[in-house]
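The structure appears below as structure tokens.
Each chain gets a letter, A, B, C, D, E, F, G and H, in the order it is written, and its residues are counted from 1.
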Amino acid sequence: MATKLLMKGNEALAEAAIRAGLKAYFGYPITPQSELLEYLVRELPKRGGAILQAESEIASINMVYGAAATGERVMTSTSSPGFSLMQEGISYIACAELPCLLVNVMRGGPGLGTIQPGQCDYFQAVKGGGHGDYRMIVLAPGSVQEMADFVYLGFDLADKYRIPVLILTDGALGQMMEMVEFPEYDIEAHLVDHSSWATTGKKKGSERHIITSLFLDPEILENVNLHLQKKYDTIREKEVRYEAVMTDDADFIVVAYGLSARVSHKAIEMGRQEGMKVGLLRPQTLFPFPSEQLNALADHVNGILVVEMSAGQMVEDVRLSVNGKVPVEFYGRMGGMIPAPEEILNEINRFYSQKLIEETF
Amino acid sequence: MAKIRGHVSIKIENCKGCELCIEECPQHSLEMSLKINQNGYHYAVLVEDNCTGCINCALVCPEAIITVYRESKKKKEPVAVISNVTENIKISLDIN
Amino acid sequence: MTNEIKIAGFGGQGVLSMGMTLAYAGVFEGKQVVWMPSYGPEMRGGTANCTVIISNDRISSPIINQFDMAIILNQPSLDKFENTVKPMGQIFYESNNVINPPTREDVSVFEVPAALEAVNLKNAKGMNMIMLGAFLEKNPIVSIDSILKALKKVLPERHHHLISANEKALKRGMELLQNPVLS
Amino acid sequence: MTNRNEGIQCEILDRMDIVWERPPALLDVKMHYCPGCGHSVVHKVLMEVIEELDIQDKTIGIAPVGCAVLAYDYLDIDMQEAAHGRATAVATGIKRVRPDRIVFTYQGDGDLAAIGTAETIHTVNRGEQIVIVFINNGIYGMTGGQMAPTTLPGMKTTTSPDGRDVESQGHPLKIADMIALLPGAYYVTRQSVTSAKGVRKLKKALLSAFQYQIERKPGTSFIEVVSNCPAGWKMTPIEANRWLKEEMLKYYPLGDLKTPDT
Amino acid sequence: MATKLLMKGNEALAEAAIRAGLKAYFGYPITPQSELLEYLVRELPKRGGAILQAESEIASINMVYGAAATGERVMTSTSSPGFSLMQEGISYIACAELPCLLVNVMRGGPGLGTIQPGQCDYFQAVKGGGHGDYRMIVLAPGSVQEMADFVYLGFDLADKYRIPVLILTDGALGQMMEMVEFPEYDIEAHLVDHSSWATTGKKKGSERHIITSLFLDPEILENVNLHLQKKYDTIREKEVRYEAVMTDDADFIVVAYGLSARVSHKAIEMGRQEGMKVGLLRPQTLFPFPSEQLNALADHVNGILVVEMSAGQMVEDVRLSVNGKVPVEFYGRMGGMIPAPEEILNEINRFYSQKLIEETF
Amino acid sequence: MTNRNEGIQCEILDRMDIVWERPPALLDVKMHYCPGCGHSVVHKVLMEVIEELDIQDKTIGIAPVGCAVLAYDYLDIDMQEAAHGRATAVATGIKRVRPDRIVFTYQGDGDLAAIGTAETIHTVNRGEQIVIVFINNGIYGMTGGQMAPTTLPGMKTTTSPDGRDVESQGHPLKIADMIALLPGAYYVTRQSVTSAKGVRKLKKALLSAFQYQIERKPGTSFIEVVSNCPAGWKMTPIEANRWLKEEMLKYYPLGDLKTPDT
Amino acid sequence: MAKIRGHVSIKIENCKGCELCIEECPQHSLEMSLKINQNGYHYAVLVEDNCTGCINCALVCPEAIITVYRESKKKKEPVAVISNVTENIKISLDIN
Amino acid sequence: MTNEIKIAGFGGQGVLSMGMTLAYAGVFEGKQVVWMPSYGPEMRGGTANCTVIISNDRISSPIINQFDMAIILNQPSLDKFENTVKPMGQIFYESNNVINPPTREDVSVFEVPAALEAVNLKNAKGMNMIMLGAFLEKNPIVSIDSILKALKKVLPERHHHLISANEKALKRGMELLQNPVLS
């Protein structure tokens, strides 16, 4: 039966991972994600998994590499600076096509920055902060419930596509408590058979398995890349997820993910109360990005406002999606600041007053 | 053995009440105040007039807020030391 | 109906658990809730605060800059949050820890001598529950029963024997505002 | 706590000399450390030493992430904040372009002995002429009390809630002992700050270390300070210092591990 | 007097760095950039600089951090996987506003990949592979001559803006030899006075200097970010550099940088011989990107082909620049493969035959 | 070189037994190593040991970047290539989810003792039950002969063209000696492959190490092999082996550094 | 001491001419060929019929291409060993 | 006028320095040049090759897949590059190292017994210069003087005494093709 609990986002994520059959977690303390590690230290060993506090994020991600290559469900989590340290390892994992779950509970940057929430690692997450042409599936939860839900989804997608899946969230969603319901999840039914490639010891009479990202011959490496790109195209086609709020009749929409989408949601509610036809598109997958959906919406709306806790990163993907069809504006806060609903409403208002002027003249 | 006369002055508004000075004072000259300062901490105060100026308390005080005085070898004019007041006043009249 | 509440004070005063208790009680009454703490090194000896939102409907933004009510346990918190309370809102403040009471005229201000009462109850740690009781007296958004159920969730097992003391503190807090000191 | 008066408020004394006061190089601001934290004590001693050696104008300090990350708010010298674990690499960078400057790092045990292990060992192995101040409090203080490489067996932290299990979580890492093996290490010592005597000894050790650097002695000075973390250990400062003496020092005995003559 | 030499790209870069007043180099071996380190080991100590082979790329970048913070000209170089390891350090350097020169001699990725040349770290370079909203100035040399020229330019820009400058090049440009001329360069005349912020020991009577990227208070960190963004805007306005080849009368242009621009150059020469009105725009700065120039060109051309040795990265910046005005197509090779002039010509031909069809019907 | 015939081409002998042949687990393909390279010798011994212990079906090997990065093309077991320096972290990951498998890493000196120092030390400190095979050839072979942490003083490499200068470039790092200090180290030994005798000893050491892992002895086995790099050293294989015996072994004397009984 | 009769067979097309086997052979049974194989290397050949089958050469051979035979204790039928031919042929007629 | 040349052989045969010498000689004659090596682990005992482009004009692409001439020093290289020579182009191959000569009919093929001649000249290392001489005999794109000047740049100081031996080798190569064995 499903369980309902009031939980912190970080803890909900950890609990869901255990319920999804997590076999090993490797991580290193960093605010604001340490609860995740601490929760798992308490719970995972009792419930069938191994946990290790590594000596660094670099060790963590490479432990994930090793463990994931045995075909088990494994994960790590960190926050922004730690995620930067993992870039080489992630590039290796992506190229070797190892399924695993990564979590970045973002904080304000750059540098050591602050421990307050941020959304300024979007580029790093979706364009590949590491070297080479690779992608991760990037899931952006918008609530504590989704912090849990996207863990199941993440593991399933990781297994299905042999790809690292990143849950990209932030310190506020990680620290805040909401009700969360853990559905029934039959682990066995979800596990994918990885025995055809996993390195668990060469079976007698069959070929050995090799996990590598080295392909010295460029023709071979190009083929590896073509294979990866094809996989990414499939993912683009099949795995886009988003939430559309009051977009049907909207003449103006806000695009935002995660925490800033929550705040924007309130702003459009306030806008609707003031009689404005505003909607919200909240990408739940950042890669694949809901480009087609936005492009289609661009046929009906007159403008788009992108709200991020950054200097403007996802806004580029929105612009690429609509390709000039409608103006795309940006509102952002940085350095751990969270926009208030009123600020966003202000921006929306600006659009409406402009429109009024346009319509008058 | 003639006792050296000493005195300590504590900037109590910065005291965090760790009590380490009290633990370390060989003369048991210090104790915690019942009151709290503006940061919510009880603070250390000099309660006995037997301080030798050994500076132990000052050495272990994490906040480095204890000034220690010792009777001058070359005795001269007296000096007024006002300490342990809630406001941050420390006047040392040095008529040198 | 949505209640947006700020609770703020020193690190050790039980600010976060007070908020969590309130949020859990909301859950037991079938409401939507959000509990959002301040986190980070400011907690090191410094101040702590949390936001609690309790609503009948889906809660969109967990981040709000304006509150219906504020429960304030020390001076720095009052200085920081006094102006974030909405007009017509409420401020509950602990009178032993707040030297300069709120000055706003467009909100209801309730002085609660919770620290003193906690000493009287021989339950120094119960100060936060007294504040919560006072708050609930004026805002019966959840029942005492739900609060007690919530405490079972919030307190670790080994502290469950304290629940009855907490109940007393809650009740005492409610009594205190049955004849409120309006300032 | 006393019921007596609130201290001797004002008193006319005979002519008094100040025999200890806050070193001016330790800026007159409130520090963010928890009550009783050893970090603050070491800060104080450090600045006394820098004043005494009259090197305030040519010293550059590096404090990476850890509770002491804000050291630059307190120490009145030029300072660099460094990425977690990389202080000695940063120091190397400085020293290689400015060999005439006095450079020190100030690092926690998580920083120096976990994520920064490689940088620590290679910096000492190269014999970089810097002073490394290593605050071993057996825990990750800043992030809320997780297990450090130096955490004692059986010691409870938020990531070893049942006590450190050496079988699965490894043994306390005596990094100073490893360091002392390296030919690049010039002076390696382990001190503490739980008593006035300890503080005096630490000061002596720091004086030597900086003096060696001033004299361009070949090699690195490494000063480990076995310190406390009352908050992370969930103890009062007094309890913490007592536990430190009784338990920590068993694993990390005080004294010199390598001196210029040995 | 200027010196002319036949040199490898890597060596020209190293030689220019010495002539530009390099005070310290910190690096770690990795193919195909090790000649740079090896050249400097031989030459730099004789010519007034310090050099250290670090224990890792992470150590290198943090040594650069320390040395740059003293106000001296310092640099490091690496190749793709090593550059991934530097991401945390770069984010710190960017936030602390330390001038320094970084070099990434790219190879095919992802993962360990190959040592053959690649251009697949574009995103990492220009969008920020590390966490937080920061940018580097990114210079993309197209010849051995520019490998040298951009070193002087790079140091000057780094000093002027207190920003890390990245020379983004590839294994082929690093390994190949061409003639290179080293101009007279008066170091003293170019050095910027950094004494107002550099940490070289607190001067008596003045304030101490602090180098940090920690700003726990989000309001302060937001201001730091606003300051950075303003600086980036100035750079966008003032520092765009590019080469336009036969674009004036072109009805179709190729956009490419570095090695693929060289190949594209040949392709458009061949195209011109076949009578096609093709041109080439070669960005020399990738950040700032010549967006306005491209946008203006988009008013005159009918199509754009972006050529990269990647799965398509810079193409996004081209699309963002032209914002839907003209179709932007992409041709790329991956995994260390280099496109041949003929392949590119093919792609151009395709456009022309399409156009012919369009014009016919 | 002989002017005589081209070898004994064919001969009918008395009944002969094969007393040595290429272990089948060493795949019958041409290896990419330079002539005389010690890597290939160690590969051979390793596979003999894995065959003898009959663990080919449950062994997982990890070779990170370095000349042996392509080991998976030669060793007929499941293998993972790892990022530079991270082999022991990768091994830890495997061993923690599959404690019943036999896991070993195969690492060069640049890999294990430079960029991977932290991972090496912490893996051993945790006593991960794996075998670490450490090929110390005093140089970065794969990248063309740069200085390694283990390069001898005065030894010429492309990044120490005038010979390693310990003052500025540090001392040869005796990482096995540091490792042997750690309680998590179960068996630490230093061997070589320059003679048939050396190869026999190495095989014995590897047999013990894998046997310990099979028996789940607590701790890590660390087998250093002092090896050659004729290409990087710019010597013929015979010169290289001679130089190895005469110079390298002075710094890295062969023998056990820690055995289960010590 | 009765000499044990041995023989080695070398897969010469994979030989890299390192000469380590030659250096290590106590019998000096091996030498380098003047010819080169298809990879451009001179290769080792057995030139003396005094091999004892001590396997030293095989142990040090980096390419693991030396097979070593030794006269069987339990003598039986003879066996033909063809070795050191440029093509990759190794026929061991084992009539066991 | 642009000449695009491929030079290929085993690692130790002096393929890269032959190309570099040619390129440098081009420089001395005021031409634009590019020298582009293959690099990487394939050099480990394996094959090596480089591209040399010599032109009167700015050289756009250093990367080309088709060559005017190829100088081939071993069989694997011939197998790899035979088909990259443009129709009407030239192939120079070392006959001792190439067992199966080129079969193309649309290019000029020159067999050069350079290894043999090098032995005759008692200058085994001079094989590459013999090949270069042969090449220059057919393609006098740079003068011998320029080549000799170039050698001074390419050879390390301590090998400058070898230049006269190299000159002999060059000349010998030229002679060899004064009566070429056209196949």
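A few remarks follow.
Rule of thumb we're sticking to: a contact is a pair of C-beta atoms (placed from the backbone, for glycine too) under 8 Å apart; a residue touches a chain by one contact, two chains touch by 3 or more.
For clarity, every value in this text was computed on a predicted model and none was experimentally measured.
Comparing mean CA positions across the assembly, the chain most remote from subunit E is B. Highest C-beta contact pair count among chain pairs: A-E. If you average the Cα atoms of subunit B and of subunit C, the two centres end up 39 Å apart. Look at where the CA atoms of subunit F average out and do the same for subunit G: the two points lie 26 Å apart. Shown for subunit A are the residues that touch two or more other chains, namely 31, 52, 55-56, 58, 81, 88, 92, 96, 112, 114-116, 212-214, 216.
Counting partner chains per residue, subunit D shows two or more touched chains at residues 33-35, 65, 69, 81, 83, 114-115, 117-118, 122, 126, 142, 149, 168-169. Shown for subunit C are the residues that touch two or more other chains, namely 40-41, 45.
Listing the residues of subunit H that touch subunit E in their complex gives 20, 23-24, 27, 32-37, 39-41, 59-65, 153. Remark: subunit F residues 114-118, 121-122, 125-127, 149, 166-171, 173-174, 177-178, 181-184, 218 touch subunit D in the complex.
Residues 58, 80-81, 83-85, 87-88, 91-92, 94-96, 106, 108-116, 118, 120-121, 123-124, 127-134, 212-226, 228-229, 310-311, 313, 316, 319-320, 323-325, 333-337 of subunit A are the ones touching subunit E in the complex. Residue ranges of subunit D in contact with subunit B, taken from their complex: 1-23, 26, 30-31, 33-41, 43-44, 193-196, 199-200, 230, 236-238, 241. Taken together, the subunit E residues at the contact with subunit D in this complex read 23-24, 26, 50, 52, 54-56, 58-60, 62-70, 72, 74, 88-89, 92, 96, 199-204, 208-214.
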